[in-house]
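Below you'll find the structure I mean.
To keep things simple, chains are lettered A, B and C as they appear, and every chain counts its residues starting from 1.
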């Protein structure tokens, strides 16, 4: 490893110990607020969650109601105009947040969980189990995601449930490698040996002893996945493999595309849901980026006193 | 050599896995999708139809293992069945391949080069403006779904400004030839789809290249290179960048799957008649044989690229040659 | 007395971290005469490596030279422009890092790395390059066939010697070494040190040798600097320091190393741990661990007081002290 002028050379304590949860949470909060990217990401997600939780407060109009003049441009009555059928686009946008966020979060959570189980089991069991699990992970990593998604979706009836299923199947391998490496590094530590000596079963050790040490990596994995899940879900629906009756940003895009909204001038309908997807993706991306920085000090922004590049 | 042998083994295993996925999915998925689809096939070459029945487990009353081996034999002899129109799957794929190959091939290379360069520069000038803005900005851009980038480009350049065509790969009515005007036409049509892909892939690349560079720059041998009085440029490229790129190469190849997926959506959006568009129409037509054939093709494409990247790594990194 | 080769005056190095600015090296001053072998000893984290990089202008962010002068052959290195500095590098002084496995580019052959260095400073024909490369390899006792080898193909000892060979390409006047023997076994260590000492006699360069290993220092250096918590604790000629260590910390270090030939005695460590440099102890930085601590040590910061030829940063030898040691 490097022996240059990095903080490892000097006796500077980092202040990060495996202390109680309260201390860790406070440190996390300070870290998040201190880092501009994290703060921005957190703000974005806060807005998204708010939109998902209280859509009625922001957009009182019924998103399904087909009572308005069709293809109207933005106005004070309809902030983003109306669809070809006469629905309020703004309402639809806001009310779609809930399901879109739900799908993203559920898929990322399940995929991270499966990833962790597989990764840590591989790391902990070693030997043949490790080899087999690693090969399975590698295989899934290579299988191209969207083609597999489309293929699977063709067999299932379109809808949120199928969406969640196919997205999870194609995403679980994404972080399994990192989680396995982390598991490997933790494996030989004393408290694990102690647990084994106590006679605890493998599963117990994995879930109760190893996993809590990996929380930061798990959160990072969740965020990294979420960035792409929202896009994959929307892409799948955009291609027409979702249920256009369900209220999600992806289905809005599909409907807009079917109605040739962009070409015929109903720009807001065509673009706003895509912007929303980008918005949510950016929120997760910012948090993810900041999390990387918080976790790996080497990546943090560097201050210079005299602004010289290395001589 | 052991390194290559291991990677070669992985290639074979994944290839086999992809073939098996195609065999398993129709049997595992609920419903009678496959049966319904195959029932619509008429006037189809009987050998091809039989191969499909084996693949999908329709009208087949034999031991599943026997089916499996027959299916594998069919694949290895190139018998992938036919599409709903009775055209052999392979023929359909090879006819559309060049368009996608051109689009995706060129854009991923451009994206990789741009992303790598910017990543190197951003890491080298830590604390500078470039490092503060560009990597996070590009990372966010890469998080934006490809189709949205495409939509925006269409809106601005095709609809509003009318500079570039809306779709297809060349003007309808034009006859393909190698003339300059035709090529110009093709490029015209490929520009927006290509740009969408470049933007997204460059973003992915900048982030990982920058992070790799930062780690590499911290290594002692870079410090030694500076201490030796080598010029800045030499240290940056010959010592830092060259060593930082290597771990990226295989990742680059693996990400090809993501790019190919993005290309499907882009081709759909721009009505660009390549493999992606073919996949899309296959899915709306429920042409399962074509879809599965395409899926296999995509997987093999990614696998080949990964293997090539592995070769390149073995070639460039002297340490792997011993391992 | 000839002009010193290297003069470090009041050098301070800071790390600008998010939490706080940490002073890793605090107003360190010392000189190196031509041909002299200077050892710098201290525990891990005392700042000795940082000092090295500060002197050789190899700090990377977040490390920065905060103040001080480093005069090498009359020129202040801290103020030199990048171009001028580059010109001086390796010709006049070279750096050998701790782990040759990490300090040599794993993807380039030894010969290629030598060639890079040579070409960066002089216009040489391919033949000249080869001649010089073979020449330095012979100096350190490595078969020239290894010019084509990659670092991972050489043993640890050979790699370290290859690094030293590379350092000698321009027969510099000063070679700075950062714990070059830490990664080696005792036998390889001895062999390497003997070789270094030999080369020093033959070629006449000065050496700054940073280590935590007192035994190496005792045997090979002319003078020793003991560092603690970013400051110089004691500076003296080697025999004098080992015969009569002045600073309580130095005494503690001596006691921690058994002598193979000397009488058997109990090994004693130094209780406690090195201080956190974000908030160093008040007064004398060593006072929380000092066996000879006095009441004023917690409030008064000691200067470097002269005691004969040596210097000690300890209030025991301050103006108010009546006797030394």
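In this text, a contact is a pair of C-beta atoms (placed from the backbone, for glycine too) under 8 Å apart; a residue touches a chain by one contact, two chains touch by 3 or more.
Since we're looking at a predicted model, the values are computed, not measured.
Greatest Cα centroid separation from chain A: this falls to C. Each chain gets a centre from its C-alpha atoms; the one nearest the centre of all protein C-alpha atoms is A. Centre-to-centre separation of chain A and chain B, using mean CA positions: 22 Å. Chain geometry summary: the mean Cα position of chain B and that of chain C are 52 Å apart. The geometric centre of chain A is 48 Å away from that of chain C, both derived from CA atoms. Across the assembly, chain A contributes residues 2-4, 6, 302-304, 310-311 that each touch 2 or more other chains.
Residue positions 126-127, 218-220, 223, 226, 232 of chain B are each in touch with at least two other chains.
Residue numbers of chain C whose C-beta contacts span two or more other chains: 53, 58, 60-61, 82, 85-86, 97-99, 102. On the side of chain C, the complex with chain B involves touching residues 53, 56, 58, 60-61, 82, 85-91, 94-95, 97-99, 102-107, 109, 116-117, 120-121, 150, 152-153, 166. Note for the complex: chain B touches chain C at residues 126-127, 217-221, 223-232, 234, 238-239, 242-243, 246, 316-319, 322.
Residues 10, 13-14, 17-18, 21, 25-26, 29-31, 33, 124-128, 131-132, 136, 139-140, 143-148, 151-152, 154-155, 159, 166, 211, 214-215, 218-220, 223, 226, 232, 254, 256-258, 260-262, 264-265, 268, 279-280, 283-284, 286, 288, 291-292, 294-295, 298-299, 302-303, 306 of chain B are the ones that touch chain A when the two sit in their complex. Against chain B, in their complex, chain A makes its touches with residues 2-4, 6, 37, 135, 138-139, 141-157, 227-228, 230-232, 234-235, 238-241, 253, 262-263, 267, 270-271, 274-275, 277-278, 281-282, 284-286, 289, 292, 298-299, 301-304, 307, 309-311.
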